[in-house]
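Right, I'll just put the structure down here and ask away after.
In this document, chain identifiers A, B, C, D, E and F correspond to the written order of the chains, with residue numbering beginning at 1 in each.
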Amino acid sequence: MFSKILLVAALLIPAIAGAGEEAAPTIAANAEAVQGVQTSLDYVWTLVAAALVFFMQAGFALVESGFTRAKSAVNIMMKNLMDFSMGSLFFWAIGFGLMFGATNTGWFGTTGFFLSDFTPGGDPWVLAFWMFQCVFAATAATIVSGAMAERTKFLGYLVYSAALCAFIYPIFGSWAWGSLLNGNGWLEAKGFIDFAGSTVVHSVGGWAALAGAIVLGPRIGKYSKDGKVKAIPGHNIPLAALGVFILWLGWFGFNPGSTTAGNTDIAMIFVNTNLSAAAAAVAAMLTSWIIFKKPEIGMSLNGALAGLVGITAGCANVSPTSSILIGLLSGVLVVLSVMFFDRIKVDDPVGAVSVHGVCGAWGTLAAGLFNMGGVTMAIITTQLIGIIAAFIWAFGAAFILFKLIDLTIGLRVSEEEEIMGVDICEHGGHAYNDFQITK
Amino acid sequence: MFSKILLVAALLIPAIAGAGEEAAPTIAANAEAVQGVQTSLDYVWTLVAAALVFFMQAGFALVESGFTRAKSAVNIMMKNLMDFSMGSLFFWAIGFGLMFGATNTGWFGTTGFFLSDFTPGGDPWVLAFWMFQCVFAATAATIVSGAMAERTKFLGYLVYSAALCAFIYPIFGSWAWGSLLNGNGWLEAKGFIDFAGSTVVHSVGGWAALAGAIVLGPRIGKYSKDGKVKAIPGHNIPLAALGVFILWLGWFGFNPGSTTAGNTDIAMIFVNTNLSAAAAAVAAMLTSWIIFKKPEIGMSLNGALAGLVGITAGCANVSPTSSILIGLLSGVLVVLSVMFFDRIKVDDPVGAVSVHGVCGAWGTLAAGLFNMGGVTMAIITTQLIGIIAAFIWAFGAAFILFKLIDLTIGLRVSEEEEIMGVDICEHGGHAYNDFQITK
Amino acid sequence: MFSKILLVAALLIPAIAGAGEEAAPTIAANAEAVQGVQTSLDYVWTLVAAALVFFMQAGFALVESGFTRAKSAVNIMMKNLMDFSMGSLFFWAIGFGLMFGATNTGWFGTTGFFLSDFTPGGDPWVLAFWMFQCVFAATAATIVSGAMAERTKFLGYLVYSAALCAFIYPIFGSWAWGSLLNGNGWLEAKGFIDFAGSTVVHSVGGWAALAGAIVLGPRIGKYSKDGKVKAIPGHNIPLAALGVFILWLGWFGFNPGSTTAGNTDIAMIFVNTNLSAAAAAVAAMLTSWIIFKKPEIGMSLNGALAGLVGITAGCANVSPTSSILIGLLSGVLVVLSVMFFDRIKVDDPVGAVSVHGVCGAWGTLAAGLFNMGGVTMAIITTQLIGIIAAFIWAFGAAFILFKLIDLTIGLRVSEEEEIMGVDICEHGGHAYNDFQITK
Amino acid sequence: MKKIEAIIKPFKLDELKEALNHLGILGMTATEVKGFGRQKGHMEVYRGAEYEVDFIPKVKVEIITTSEMVDKIVETIISSVNTGKIGDGKIFVLPIDSVCRIRTGERDKDAI
Amino acid sequence: MKKIEAIIKPFKLDELKEALNHLGILGMTATEVKGFGRQKGHMEVYRGAEYEVDFIPKVKVEIITTSEMVDKIVETIISSVNTGKIGDGKIFVLPIDSVCRIRTGERDKDAI
Amino acid sequence: MKKIEAIIKPFKLDELKEALNHLGILGMTATEVKGFGRQKGHMEVYRGAEYEVDFIPKVKVEIITTSEMVDKIVETIISSVNTGKIGDGKIFVLPIDSVCRIRTGERDKDAI
């Protein structure tokens, strides 16, 4: 078999990895070769998982646009495209170094900016690792987009998005995950359990979303003069449902991929992820059925996502049976939470705060409660510390950030623009030319 | 390279798999290490394939909603979400044990319910295997959803869906595939060839769909008073086409993944799967062109699926050239079959019976006819036995089930509700708010 | 663990690959076993990548239909389905042999038609390799579909599509990539760098698209009598955006998969691919913002694709930092190019010529300019030779082909049919029954 | 000449068309409209918020005809779309000054 | 009997409905239309080509009523949908010969 | 005052708009409608079942104007949208009692 990589071999400084395979068979050579193959397998799995997590960007884009109005669909697609595009660049330049660089404080890293840890010919693992972490950062950023839909200035959003990928997410990330590379955070030092990011990714994104929704205020028409909650139905439920299926698929990269190693541990993580999501979707459907007399699809879809977020922290250290319990509770919780935030007049069109913030916190606690290795007061305390730290940091930093944006370039479009729709005003076009739109 | 799994190592009872890699290099250790890496590769491949098969749920949802009316799209999304969510739970609790548990009768398994075969710290293979089998079970369930679209009571559908994943599918599955784990079915004992499930998954789903469509009866307006077939055009062809592409993608997990081993055998399975689908799409297009004077897209899309179903049984034991023949015949067959069922007034809005039932049976026969190792009368007989057994069991059991549902909670919505659309009546909402809908 | 493959073992001539694993552990046996596992990993990775590239077909279908009118959506789906289906068959019968067969001229291969290189029981690598190359061929074919949208006779398109997969693409491919199997092309002999096909796949497709758009002429209404460019807005921007996300995902198979080996080299290719796409999306958005005063989504989406095409040639031999530069330039270039072709009255509804043709050429040059191993005049010259050869061959051959089709079966529908829409005239149906369409 | 406007339930359009054809009516124009009236709408729920949909999809059919035909047409409409249920709709008759066929310039009677 | 046609800004429909209900108007028919008038449209851009959208989404509300009610209704419409901005719309009053309720065959006053 | 209703082929709307503007007509309202008439529809096929589509997409343009302008406008419409093919459409002229501009309350002539 002729590997195309040889085509560029002459151009590449180092010998091609894996060349060792051709070495004369000695015990040592074999041992090394086995290592080499396992390493290759780790790369393949980690990067395949990264690709799946990347695809979650599409899932978020679809869920968010499906749950909002036709006149905002272009804007949501642009926000999701830019979350990932700008996020990749800012995480490359700044975020990755803050999150995984060496640190003596345990509060943020100070090395490895601009992927400087990689030298052509050197160990490419840092690249595989960066790729996987990059899609995680962008996920945190994109969570916020839905909660701020239909009324946010595009420029203001871009500034927020860059800041989250460059600072807010990585700094918290360094506390919990820094030691995965060169860092070493104060939170992980305490034994904080958050295998794939219920808190690090989802709560951080969810609490930032809460800050954004609060600073923005509700969409025109979301609350009647007499303060009653008015429904603003989403314009494309099939797209939203497709988005949820894509997110579920992406989570099979998000959770098991967090091993960043192609080993047998991923089996249980797959199963736990799936069972929690399934249980949560069913629980949310039943809850909505009981409360609204109909099995409502918006809540059922949110339910599946709630179960995925809920199991993210504990997917590697709870049993499949526990995963079902975690999912069931996530499904009930998300419905009640969505209704709660509606009540207190926080207009979150897609339920991002409830799904990612609230269920992320719940999942982090659950990772301690259902720990297969047994639960101690110490574990619970650490989990709570992490949960609270995430809220204080993410909500606080995002709140200040949004206020600053509001005072400077402006965060919200004018009333007239909002009625016309952000698509025309911010992007000069419509999502559905050719269709008769009724709102 | 620092594996995140170590973060939870302290919490996990067993030593982490693959730790053996660090053992002092001896011949035995190396041999074991190689085995370990191959095992890891098998896990990675099986679970990546499972993720692809999971994604087929989205494909089915899109094909079904695209081929039906806008007023039923929410209901179809809910059905597909719940097929998989409830299916996962019921397959976990009951189905998996019936299908793969130990058996002395050869008719159904009696162990391994609630994933009891897995013990924390024990061999996690059963989890990887469960995950792969779970997405198969849900596939069988979701096939039926399309054939019963636009007129089925949601609650009645949920009962059916649970029953299929818990009993109908697993029991047949145990006859043909039980020995893949702890079972040992009477059909596989005869040497029945159905590598990836033309019969086990698709025909079983297809014949259940036939039973459902018959018990329900046609949609209002599908047949004029004078008995002429009236078209009820699907509302979103691009969604349906996307669904077919997604299903085709998923089949690259469905067929090659059925090796549940990461080895070189998957290459031929990939090629066969692809060539059969391609040939069938072309054949169906040409057939529709000849019969209707236009290359019709609905039939062409069904054709691709027919080719995928047709090669599923024989993908590992027929040649690429044979795969093309199998596909060509599947493509012609599906068009004629769809027209036939329309004629006899079985209203199957998406062609599920023809694609999965009829072409599943054809594919199972073809797996014998085109067997690379040569064909014998015995092989054909066994294939026919399997095909017939599937029809009797799946159609019979499903027919009784649907009749029971109809007599108890009711299977079909009222005429008024059907005219309004199941979305509003069953779920209290529309799929396309903001759009002017004309039906 | 019981591999299902054993079910058909009796039927398969050769012993199952990997059986060697059970051999008594000797040094030689271990060495061989390691090789076996690495080989299996290469298969798994190559085929997973092929699946991702296959999925790009869906991405193209969505981008093309999203950027055109509702009345052409059925036709575009049919064209994309058939590009891949017929393409697979013609590449199997003819293309693969021409591209990778043995050759003594260096201009085209003459062996391996109908996959004759594969013998049951023989080395299945040729099948894995065929699968990967097949999805590449179909990609080249499908690029053209968008540029010819909304006005092309379906039959004429099918003839073109078959010819491209059977002759135009493979012949050029044999010049640059033939030696990946049994061939040995004149261009690769010069050391032409095109790792994953900026030129071989994208420019070839892009220049063929240019020929098609020129021979067809612009859509009715694209230019006013006084020659002003008139906008014909796409009908479904969210679909187009989803298509771009899917294409981006597929590119994680397209570029890293081109190693056709599961090794550590893929890490840098992943990172380069992602950074270039991200940079290009941002650059295109900013460019459109500056020129049109609004961040326009059509251009931003094209930008992401431009960055992906731009890095395809050099993804394995340029640094991540260079990838960002390549992407930034691709993003600016594509916007200017789209406007340029609009000016000169080449009506390319989706920007296929600019994205694939122009940015493919740029990327091929950039692969030389930013070569990590250093750049020489010789390298640049070779790159330019390849770029020019691609233009002459692809544009020339396609132009003649389209002219011939036009003179024989006809390439363009009648004015009346174009106004009614190709969906009804060519396929006898609509994409969006149930919706009120306004154009 | 007169213009007859009938607001009917959407799924009755085909039956109405056939009935009018039998009457020899060779032309009509249909419009998707939303009606508010005695026929109460229904509650819908979206993500926990209930809301009433009181504008119900209807189809408005416009028929230009001669004064003589009016009564016949009105009867035909009633008999073909009447379901006896609230929401069946209304028929309005309006005066028309003149009619013209664009293609030929024919006027009034000859134009329909 | 008269027919009142009001062309209004879409987001004003609910307010108009409520205002008319208070007036005791129990029926109306709404249609999505596109309006061209003094209210200038806006420029849009698509893939580099700018174009003006001068047909603006409006809603046409039709109300059949007795001659006596016309003025009240017109005033109510004006007061409830007037924003003082260009594009608020128009009200047209047309004569009607007869009205009929399909369900019952009732005529004129009784039909509305 | 009069109301002119023209049913035309959709792709002719822009030409009609321009022609009317040249005539100094500053306002009109367009509605998507479906027309049944002499222009026969076409057969379509869906998954093996053929069916005739006999309601063809048309656009209805409504223009309120003074009685004097009616003839000019009708001629303009004919000349600008006539293709000589069946299905070009119809023009109807209806009497209007009164017109009112919501924004200002202006009446009749001043309102348009």
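Definition applied: contacts are C-beta pairs under 8 Å (C-beta built on N, C-alpha and C of every residue); 3 or more make two chains touch, one makes a residue touch a chain.
On a predicted model such as this, the values are computed, not experimentally measured, just so you know.
Identification of common neighbours of subunit D and subunit F yields B, E. Shared contact partners of subunit A and subunit F, listed by label: B, C, D, E. For the pairs C-F and A-D, the count of C-beta pairs in contact is higher at A-D. A repeat of the A-E interface exists among A-D, B-F or C-F. It is C-F, with more than half of its contact pairs matching by residue number.
Averaged C-alpha coordinates give centres for subunit C and subunit D that are 52 Å from one another. With centres set at the average Cα position, the gap from subunit B to subunit D is 47 Å.
Centre to centre, using the average C-alpha position, subunit A and subunit B are separated by 30 Å.
Looking at subunit C, one finds that residues 27, 30, 34, 37, 39, 41, 44, 48, 125, 233-234, 236, 292-294, 296, 298, 428-430, 432, 435-439 touch two or more other chains. Annotation for subunit E: residues 31-32, 44-46, 94-95 touch two or more other chains. Pairs of chains meeting the touch criterion: A-B, A-C, A-D, A-E, B-C, B-D, B-F, C-E, C-F, D-E, D-F, E-F.
Residue ranges on subunit E touching subunit F, taken from their complex, read 2, 6-8, 31-38, 54-55, 58, 60, 74, 77-78, 81-95. Across the complex, subunit F is touched by residues 419, 424, 428-430, 436-439 of subunit C. Residues of subunit D that touch subunit F in their complex: 3, 17, 26-32, 64, 94-103, 105, 111-112. Residue ranges on subunit A touching subunit C, taken from their complex, read 1-5, 7-8, 10-13, 16-18, 21, 25-27, 29-30, 33-34, 36-37, 39-41, 43-44, 47-48, 50-51, 54-55, 57-58, 61-62, 65, 73-74, 77-78, 80-82, 84-89, 92, 114-115, 118, 120, 124-125, 127-128, 130-131, 134, 154, 236, 239, 426-436. The touching residues of subunit F, when paired with subunit C in their complex, are 10-11, 32, 42-46, 57.
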